[in-house]
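In the two complexes that follow, chain A is the common piece, with chain B as its partner first and chain C second.
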Partner chain A sequence: MSGKPRLGVFKFASCDGCQLSLLAAEDQLLGVADTVEIAYFLEATSRIQPGPYDIALIEGSITTQHDVERIKQIRADTHFLVTIGACATSGGIQALRNWSDCDEFVSSVYATPDYISTLATSTAIADHVKVDFELRGCPINQYQLIEVIQSVLAGRRPRTPVHSVCLDCKRRGTVCVMVAQGTACLGPVTQAGCNAICPEYNRGCYGCFGPAAQPNLVSLTDQFSANGMPREQIVNNLRSFNGNSPEFRVESDRIQAEQDGEQ
Partner chain B sequence: MTLKEENHSEENLPATPHHEVFVAIDGFALLFDVLKSSGFQIVGPTIDQDAIVYDQIDSVDDLPKGWTDVQKPGLYRLNQRNDDKLFGYNVGPHSWKKYLFPPNVALSIGKKNEDGWEFQEAPDDPPKLAFLGVRACELAAIRIQDRVFVGGDYVDSTYQKRRQRILIIAVNCTQAAETCFCTSMDTGPRCTDGFDLALTELDDGFLVEASTPEGKAIVDQLITLEVTRKQQQSAELARQNAVDQIKKRMDTTEIRDLLMSNLEHARWDEVASRCLSCTNCTMVCPTCFCSSVEEVSDLAGENVERRRQWDSCFNLEFSYMNGGVVRDSTRSRYRQWMTHKLATWIDQFGTSGCVGCGRCISWCPVGIDLTEEVAAIRKDAP
Partner chain C sequence: MTDRVIKVTALTRVEGEGGLYIKLNGDTIENVRLEIYEPPRLFEALLRGRKLEDVPDVTARICGICPVAYQMSSVHSLEAALGVEINPEIRKLRRLLYCGEWIESHALHVYLLNAPDFLGFESGLEMAADFPAEVNRGLRMKKHGNQLLEILGGRAIHPVNVCVGGFFRSPRSEDLKKLLPDLEWCLNAAIETTKWVAGFDFPDFSCNYQLVSLANDKEYPMNEGYIATSDGESIDVIDYEKEFEESHVEHSTALHSLRTKTGNAYLTGPLARVSLNVNQLSPTARRLVDESSVSWPCFNPFQSIVARGLELVHAFEEAIQIIREYQPAKPSRVEYAYRSGSGCAVTEAPRGLLYHRYVVDADGKVVEAKIVPPTSQNQAQIEADLRKWIPHALSDDEAATARAFENLVRCYDPCISCSTHFLKVKIDRS
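Take a look at the complex of A and B:
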């Protein structure tokens, strides 16, 4: 990289929450701002500069044909491409459409369905182009984001743990809601990154950071069943922000098939 | 460590290791004042998030009066008692290790200046803590961690500093949870040593036993009575009740060789199909001591801190070495945990790594019970 590395931040189908986390990291961001040139970041500045970009941060999933073409162009213009958030990394909550009839949604929501041009699925960026690093979370953790940017600039591997939420839950002394309250919690199969905030507030983990390394979904959902949770609800639990991530998807499909088989 | 006491008069009493006195329940609050005026912060049992946890406590009112716990593999529930006992429960999700071996601590710091880098130990001035309510299995766990952290050639100063500043007030269990198996591990339920004071709770007060000069100095400031024969008998009965309630067993005969000669047993695959590799068992275990160390810097890279955090053999990345991960399957991680805890720990430290507290059984989200795993392997042994 000669001169200041050029950073681009691009948005696809998403709620902008991850970009907002980036902006919310103001203090740290100011430090980074000196070391990079922000070449494209519509959420922060309307000054747009064309590629090539040294680092691109991609928020959002691919839901239209136009998205497919745009991400290919960004990839061609970018040296190191990082996806940020559940949408970009697994398809996001909007990937619920993957299990439904999208045309039906369109015709019931829009007055003039003909104006809508969309794909039947919401998919991860990595399903379309090569991704150099995936930063998980719904939304992302701003400290992890700074860590990724810093490490890319320094040419080292980012330190973002792949262990379960449980490890952080215990490190902070939270009482396990699964054991003490019988609340279904996805923490044991979910990657850390949020510092286990939900159990601290007596709620089960929603799986915002996607599957942990080598997750054992079957054992956990068996336990949910043993604790009295109906299959339908287990499927709904798995199909949320990261429902389309391969491990969660395979498991929710397996349980759904079991249920369908019984009917 | 035993105190020389002048002969206590009552005869025909069951032998107790140390001189005992009686403190009436209305005099118990005074203990808190005495501890505070002796410069201690008190940590002990209190209710939070539907469990009895260990936290800073200020008065008798913070204790879980009238509460108990029900425990099974993968399950913990609070229940109301039909009396006002303050210590009528068994061990919960926390252990005292969080105070002696903190989950996250700064070890050293580095600062950049004109001449280069300046390194120093992180400032560390832990408070004097009084542990109130330590059970026999927990005394054994502290003994094990003492051996690990300060008993060898390399002394862990973070642990040592904290350890030197605690006062241990133990409580004899008068009941046991379904997950308790201290009798199999020879660690309880009776507190025999390793404490400054030990209490046995009766309906109207406590029998208090001091085993160190520090403990004696505290008792001397309380309002005490001679122990009556009847109180002595009730205390014996209450303590026996805990022994009688312990139903869980682990056969430890030749356990080291049993496990080490069965490293390819099919049971490891079976348990791996249930295990989530979530780390909970190691986090709640009062003897597990693994940690990882990392450097954290500010953005400018001018202030660096070396921090140590609890870590676990169930964490995939924990066995990462140059080139890859050594224990790349849940089977290998579960086997590592159990063979270390129950077998190679003996080679390493001359004791089992398990004190039979049952925490790993209750707090495993899918209720894996190590005593059952051992039994399953033993069943096939010749």
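Take a look at the complex of A and C:
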């Protein structure tokens, strides 16, 4: 045993991109690997150690009964548990099944649905166990990830911004795509963290970092409607990578109910 | 005769999570399974009813290592459905974006996932203690590949700039040209990488593959061409579903892709690409082929690492050339009108052929989606190779035996997160 803090990286239903962010922090990777003992990180190393873990990074959402049990065990083995990415913090894009008939979903993809063991919902890790810190993003920002790891090692609370993407556009000097071009943008209600890249690339924000603190969703969706966007499209825009986060879910359900009421 | 079971409960240094199960009865092989226990995410179902503009962003989330591949196959399929012709500048930028992805994916696999097997380490991070110059060289190549993706795509993982018809915005010439000194350093690093890995000690192991790759008479294949095989076939992409079928075989819980006519497995990926397109490699990569001890076509899966080295050289050399000649595309995206129809495309993901097909309606919504990733195409071949590898891998040492099998699996760079969403999955962690 090295005596260093022990780090575990665990995967649930996900694309692998968030844990890859750690390997993509090329300049910091060897430094981080030096300050912790990587006790469990299947993608990076064949050296597999049992718990307990000082820090666990959890990627992915809960979609099977087996994973419901597995996350409980990891929680029991872990001192400080961090969820990384939209799947772990909100259920991810696969949470679209939550609004559908999951059996129909499965049988449309797989010829023999009997082989498929899956829950009807995709849910965030925090719906199942206590989470000590949530790091948002689809994918997460690697610099925020390094900040989280270093903060936890130093015994202080990680600091990641909760303001909206709009503020970062102003900082970058990016002209507002919604005001100038009428392009639908979720930036006013989405948490910063990506460095406001979409408006800089001439498109609207599509909500990768989930709801910002105290988002005014009704005001934004009213503006979308005023700009001529059909309700169905507004619902789809909210139901994407963070569609199952409470704020986005409540608003997309409200608009869906309005539409259903009219029909 | 006694039963012997070799199990790797959790494969490591692969993308996504799976296991390996091999059962022997004396000298008889009873079962060989590459087990996939990642939960399905049902992408083909959740795309239905969404606007076709959402498809490149949503399918990117199938894989965090090769999101560009999903974006490329999806936009080319949708453009085929809509009758959109992209301009040559957009075409070049898509190749440049793909170069970035091949670089980050191959550098990751060569240095952090695969090389440790040849040199006897548990991980690339551990290997860094004894091979600091090499590991830092690999990380620096990966970093500059990611920078290319960031400038062109907005970010390296799940880029935001790709759209049906082209790009939301053309990259600024000065931003791309700033990368040139680093990319030139990387070209040399890739040459060193290829020479380094070609000198590894390879097992004497050859498989009777049918190699399958996109091919193109003008260039090294990425985004367009026909499907070539090592048996001399030229298959039109629109005939993909006629020529390749997904079938359920008895010894596996997964859907395997097989050739429809013969029922045989086949191999796609860097080994197939280099073997079938060696004359289209960039001049420096071509020269390395002539100097190297590895001969092409190559049928030894362990030498896939040499193919990745050659493709690193090619990708850096082509990226440098595209950037030097770069003129911003005008417009950056081609306009289109909705119409009902269907379209398919194959592009070369870092791990091989990636097939997409979409049916869209007159309102621009997705009616049907079909996606066949490279790892599910390779799975039947990987299992066949594992059977063939048994006599080489077996020893009295259980851990060493399991490791010998795992080493072979890693050579294919399987992407289990990708394949899972399309394979039949049985949860079995017993």
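By definition in this document, the second predicted complex is superposed on the first by the 261 of 263 C-alpha atoms of A that agree within 3 Å, B and C clash if a C-alpha of one lies under 4 Å from a C-alpha of the other, contacts with A are read in each partner's own complex, and residues count from 1 in each chain.
Everything below uses one rule, namely that contacts are C-beta pairs under 8 Å (C-beta built on N, C-alpha and C of every residue); 3 or more make two chains touch, one makes a residue touch a chain.
What you see is a predicted model, and the numbers here were worked out from it, not measured in a lab.
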Chain B versus chain C as contact partner of A:202, first or second or both or neither: both
Partner chain(s) touched by A:81 [first = chain B, second = chain C, both, neither]: neither
Partner chain in contact with A:186 - chain B first, chain C second, else both or neither: neither
Partner chain in contact with A:66 - chain B first, chain C second, else both or neither: second
Partner chain(s) touched by A:175 [first = chain B, second = chain C, both, neither]: first
Partner touching more residues of chain A, whether chain B or chain C: C
Touching partner for A:17 - first (chain B), second (chain C), both, neither: second
First (chain B), second (chain C), both or neither touched by A:216: first
Where chain A meets both chain C and chain B, residue numbers: 202
Interface residues, chain C side, partner chain A - complex: 10-17, 38-46, 48, 50-51, 54, 57-58, 61-65, 67, 104, 108, 112, 116, 122-126, 128, 135-136, 139-140, 142-143, 146, 154-158, 160-161, 163, 168-169, 248, 253, 255, 403, 406, 417, 421-422, 424-427, 429
Complex interface listing, chain A residues touching chain B: 28, 31-32, 146, 150, 159, 161-164, 166-167, 170-182, 185, 187-189, 202, 213-216, 218-220, 222-223
Chain B residues within the chain A interface of the complex: 48-51, 53, 74-78, 93-94, 98, 103-104, 273-280, 283-284, 294, 299-300, 309-312, 315-317, 329-330, 362-367
Residue numbers on chain A that touch chain C, as the complex places them: 11-21, 23-24, 26-27, 29-30, 33, 38, 42-48, 63-64, 66-67, 92-94, 96-97, 100, 104-106, 108-112, 115-118, 122, 138-139, 194, 197-198, 200-203, 206, 208, 233, 236, 240-241
